[in-house]
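The same subunit A turns up in both complexes below, where it pairs with subunit B and then with subunit C.
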Partner chain A sequence: MAVDVQQPSARAAAHAPSRISRIGQSKGFLSFWFMLPAAALLLLFLAYPLALGVWLGFTDARIGQAGTFIGLENYEWLMEDPVFWLAVFNTFLYTVVASIIKFGLGLWLALLLNHHLPFKALLRAIVLLPWIVPTVLSAIAFWWIYDAQFSIISWSLVKLGLIDHYIDFLGDPANARASVIAANIWRGIPFVAITLLAGLQTIPQSLYEAALIDGASPWQRFRYVTFPMLTPIIAVVMTFSVLFTFTDFQLIYVLTRGGPLNATHLMATLSFQRAIPGGYLGEGAAIAVSMIPFLLGAILFSYFGLQRRRWQQGGGD
Partner chain B sequence: MAVSEEEKLTETSARFWKWGRQNPKDEPEGASTDYLVSLPRRVVTVYIPMVIFLFVLLFPFYWMAITTFKSNEELYNYTDYSPFWVAHPTFANIHKLFFETSYPVWLWNTMLVSVVATFISLFCAVCAAYAIERLRFQGSRLVGMGIFLAYLVPPSILFIPLAVIVFQYGLFDSPLALILTYPTFLIPFCTWLLMGYFRSIPYELEECALIDGASRLQILVKILLPLAVPGLISAGIFAFTLSWNEFIYALTFISSSENKTVPVGVITELVEGDVYHWGSLMAGALMGSLPVAILYSFFVEHYVASMTGAVKE
Partner chain C sequence: MSFTRRRFLQTSSAVAAGAASSQLLGIRQPFAQDTMNFKPEDGAELRLLRWSKFVQGDETLWMENTKKFTEATGVPVRVDNESWEDVRPKAAVAANVGSGPDIILGWFDDPHQYPDKLVPLTDLAEYLGNKYGGWYDAAQRYGKKGDEWIGLPLGASGARVVYRQKWVQEAGFETFPTDTQGFLDVAKKLKENGHPMGMALGHGVGDANGWLHTILWGFGGKMVDEENAVVLDSPETVAALEYVKELYQYFIPGTLSWLDPNNNKVFLAGELGATINGISIWYAAKNSDDPALQEMAKDIYHAQMPVGPVGKPTELHLFTQAMVFGYTKYPNAAKEYLRFMWEKEQYEPWQLAANGYISHPLAAYAENSVWTEIPKSEPYRDCVKNMLWNGYSGELGPASAATMADYIIVDMFAQAASGERSPKDAAKYAARRAERSYR
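Right after this comes the complex of A and B.
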């Protein structure tokens, strides 16, 4: 290994018995400089804004006007705001329905991809596409697919004789909810599927062979081998999935902007609408802050998922 | 001992580069009980669902591409033309996109912001991951946990205070606002990924170098980084894609057309009132998706491998 030797004295010191303590002493100093760039950016643009956001939630700040402290007034006002509660309801509906379906379909797709299939690499590349393409751009494609007059889905269903008039995908509250959830599921499946596939491949084949010798049926092999081995990864993947779905903004903004009649407003889109076009920064920040408790819950869940994974793999770090 | 470890490692990293050229028999993956299932049964339980999945996952892209090349009269006429095919392909929509709108400028902005933000983040992440994983300073575990938590802070709760800060610093409506804010979600992610990668590189290599009198910086640059190239590539690709995909910051911090990124430009400028130019909208979406799609098609095996690593970790 060709490594330049700095100075003879450094080399001599390296052989001295105090070498370890010397490194130990300089460690803090070195670590400080190594951590500095990341820490500076994260403190300035992540930690400080997070604190500022909480503070803004307690003020009546508007665009172009620094706010004064008004205590819990924003939150009191939100408590009585039916649109806010509708947004909370929508956020939960959106998260729960989309996450469950994403999990089911994602797991199914992962199990399919885990078979010996021709063109395996190509298949994975194709499956990943919805996940890697910018959300806004694929949402525009969905916008066009859901078009009231020229929807290809409506056209196909009419031609097949299943319906007799075009569906108003984004104009009717119930349809709009279902449509945005469908688009979210479409985008989320690849992430769940590929991560679970990665998890599936870490399961030792010998377990399946043993189960097979004991006469386990395919369902029993899934239920008693695959599923328990996969549980910790499922916990982590689903936490991420729930977290991203809960705070989604792009898809709703492109497809419906919260309409019709606020039927698809999520907390994130409502917060944007109140703060930026509406100008009420304080109120928008309060809505954003009220998402934090739910996020913390999800993170704690993930934390225990990780703990369990460590424990399952034999403990220790 | 150390040499053989190193050889093993170089061999491992060399394997990363031979994507798609491996002997399929070498792959441990896949259900080994497949041969027990008859072909007709496999068709019903595996191939048909797979084809349906592929159709659903790909259809929006097909629709995007088809619409891009349709002329307006074909686009809105489902009676004379089949909507599923293009009778007379035209480049009019793409031409309009590139020569009558600011689309090339948005592409350039997105590229600039993504590349610069990715490099800043990679630099910070390499240093941080090295410090946490190898220097093991006091409280490094806590910092590592903090980095993981930072990744979980979503942009949709940060954009309001960030907008205030960006305005105070006089960065509003400048690409710098995006270049400085994107690392907040890129650094945690890259650091987390690189920490796992560094952990997989044997520490003995570094110890040898330390005994030979190399400084920590020399070890990082000359030993660790060359071995971590696959990890750096995946972190870079992830970071680039995340920046390319970012929307809410770009929407909030940028107001003038010549500073917009592709996602924001397409959604705010290509829609004029109630008139949707679906042809050019789809062309914009297609052209904006292609760079990341092409990038991924080269590195998809790598992506899956690094994901596997992250899960195994």
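Right after this comes the complex of A and C.
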């Protein structure tokens, strides 16, 4: 009797999943489809505006006119523009000073709140307040606080007999820089403090107990336990803090519009001023694009900070 | 029936003939009788973006007039109000993306930034000009590009000297001086008496630009000449800078940081003898519930801005005009709305309700009863008549907008006043900055 050798394989073929269904069940294929909406959103709302901004920086686009490609001309003009360089200087000063102080005060506040304090929940809520209040509202409050004629600070100091004249907070270039930095610090501290507090609470208590048994002083416990364990979160917090500070706009816009004498103009405010009220979209875009290298630097800072966590967990840098 | 150019010419000829014969007969006829109409498109509806009110009467009457328009034509109009400094960016974005409100009441030279994005309004503007005594020169400068009207001037939020009469009289001046030397003298005396002057030297779009351009032009200085060549670094500019440097000594402290609202609040706090502002300070005091402010309002008076050595008014005011954007589906409805709102029956009551906060761009409205019924408004009557334009004496366009947006004139005066640069260096530095925009 002849054996039908084809039969089993034909049956197998009849039951085997089709090529399409095999592709459909493939992990890679599914992952691709699940990723696609997110990738589309990123391309549409992040990559496209960024690319458009970079392109505009190479054009002479004005409001209502597409503009033509002019290469690096906008950047060459900016190189010769003293106001641009003043804005670059102001932005760095603003970012560096505000970020360092926000970090110092935020860490101190986080350490305080990490202790068992009475009304801890209430205190944490109060600390968060400056972060919750819309920036424009806090800026208006500071506008009154710094007012040349109605400042509560000046009024108090005069009443206490400590000064004779009201302080010109926003009218003097040096004072104005210090004043806007102080406002930014006030607003930014809660973000640093609360995030570092979250980080502090993830540190195992056993490490502190071990350090105590070894006779470590409070400073040594901070230096050898708290700080190393907090490093990854510090890297992330400071990256965001630097990014927020570097790109600040609202505080300056409400308080000074970049004045007096452009002493408080940041790159973000100058970019807006040149692009929208000034009409030179290309030049405004070029100023905004000039911020990218510095922002990338901040992201790299975060990247290396996170690498350190891998090192802490036993991996290599 | 929509209004065509041919029909306009017929109308305007009839108007001109009628006006001429009236004059021959000795009959005073300030307003022509003919009316044009634009037939709104079927199903038309409009969106208007305008600046938020400075004085309540403006908004109230604007909305009442709009309601009347809807009742007359069946065209609904949605009116959005924005903070006045936010209108320009929104208009710019609307022009750029080709979508947004059908009509925007913008500022200064907005139409000249994107003229090809706007619906020409030549027929409407010429009709109104013929009917209402003609447009003032500065209004034409702002509204027209070449022979085409690209914006319809609404007027200017005028700036005048706002002063406390009692303190000025105590300083030895029966009336407020109107020339720059007298202005300096009164500033000195007011300071000596403890009631100093104060004007914005910070980045205040309206106030700082307004009074400082007036001084610059009053001394014969200007940003550019008729060919758009930068001529800012001149002996006339230096003279203006030296003048403001001296004047600044008599100011209340802190004006280098002042933005637009500062002088209003300091004046109403009773700390300023004089400032330069719109009518809003007096209006706010007059309508306040506070008896002290009501009392202060009685002592608040207005005077012309100082005339410099050039011997004639050289003022800059916060100028506003309507733009109809090309993307609108209802250009006829938009033009009909503007026509309706600019006609005497609507414009005059609106101007009266606003207490003359907006000075008219059409000569016939100088006869509006607002200037006689509210005597304290009268100094604002000729604001547009006396006005020059930003970027004087060059063209309006991207460069004039960019230099104003960059506060080049304001910073130049602030540098000289504060001593950061000598007047000569400040003029040189500002000219270099201006050359970037006029490149």
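Following the convention adopted for this analysis, the second predicted complex is superposed on the first by the 269 of 317 C-alpha atoms of A that agree within 3 Å, B and C clash if a C-alpha of one lies under 4 Å from a C-alpha of the other, contacts with A are read in each partner's own complex, and residues count from 1 in each chain.
Heads up, the rule we're going with is that a residue touches a chain if its C-beta (ideal position, glycine included) is under 8 Å from a C-beta of that chain, and two chains touch if they have at least 3 such contacts.
What you see is a predicted model, and the numbers here were worked out from it, not measured in a lab.
K.L.:
According to the stated criteria, A:106 is in contact with first (subunit B), second (subunit C), both, or neither; which is it?
P.N.:
A:106 sits against neither subunit B nor subunit C.
K.L.:
Have a look at where A:81 lands relative to subunit B and subunit C in the superposition and call it first, second, both or neither.
P.N.:
In the superposed model, A:81 contacts subunit C only, not subunit B.
K.L.:
Looking at the overlay, what does A:166 touch: subunit B (first), subunit C (second), both, or neither?
P.N.:
A:166 contacts subunit C only, not subunit B.
K.L.:
If you stack the two complexes on chain A, which partner ends up touching A:202: first (subunit B), second (subunit C), both, or neither?
P.N.:
The first partner, subunit B, only.
K.L.:
Of subunit B and subunit C, which one contacts the greater number of residues in subunit A?
P.N.:
Touched residues of subunit A are more numerous for B.
K.L.:
After superposition on the shared chain, which partner residues are touched by A:49: those of subunit B (first), subunit C (second), both, or neither?
P.N.:
After superposition on chain A, A:49 lies in contact with subunit B alone.
K.L.:
Quick check for you: in the superposed arrangement, does A:194 touch first (subunit B), second (subunit C), both or neither?
P.N.:
first
K.L.:
Which of the two partners, first being subunit B and second being subunit C, lies in contact with A:261: first, second, both, or neither?
P.N.:
The second partner, subunit C, only.
K.L.:
Is A:276 touching anything from subunit B or subunit C once the two structures are fitted on A? First, second, both or neither.
P.N.:
both
K.L.:
Touching subunit B and also subunit C: which subunit A residues?
P.N.:
Common interface on subunit A, subunit B vs subunit C: 147, 150, 276, 281.
K.L.:
Spell out the residues on subunit A that touch subunit B in their complex, using ranges where they run on.
P.N.:
Counting only subunit A, the residues touching subunit B are 1, 3-6, 10-11, 14, 23, 27-28, 30-31, 34-39, 41-42, 45-46, 48-50, 52-53, 56, 61, 105, 108-109, 112, 114-117, 120-121, 123-130, 132-138, 140-142, 144-145, 147, 150, 152, 155, 186, 189-190, 194-195, 197-202, 205, 208-209, 212, 221, 233, 236, 243-244, 247-250, 253-254, 268, 271-272, 275-276, 281, 284-285, 288-289, 291-292, 295, 298-299, 302.
K.L.:
Which of the residues in subunit B end up touching subunit A in this complex?
P.N.:
Touch residues, subunit B against subunit A: 6, 19-20, 24, 28-34, 36, 42, 46, 49-50, 53-54, 56-58, 60-61, 63-64, 67, 75-76, 78, 83-84, 120, 123-125, 127-128, 130-132, 135-138, 140, 143, 147, 149-150, 152-165, 180-181, 183-184, 187-188, 191, 205, 208-216, 218-219, 222-223, 241, 244-245, 247-248, 251-252, 262-264, 266-267, 278, 281-282, 284-286, 288-289, 292-293, 296-297, 300-301, 303-304, 307-308, 310-312.
K.L.:
Could you please specify the touching residues of subunit A with respect to subunit C in the complex?
P.N.:
Going through subunit A, the ones touching subunit C are 62-65, 77, 80-83, 146-150, 165-166, 168-173, 176, 256-262, 273-274, 276-281.
K.L.:
Residues of subunit C touching subunit A in their complex?
P.N.:
It comes out as residues 88-89, 92-93, 95-96, 113-114, 116-117, 201-204, 252-259, 262, 265-266, 269, 271, 398, 401-402, 405-407, 411, 414-415, 418, 420, 429, 433, 436-437, 439.
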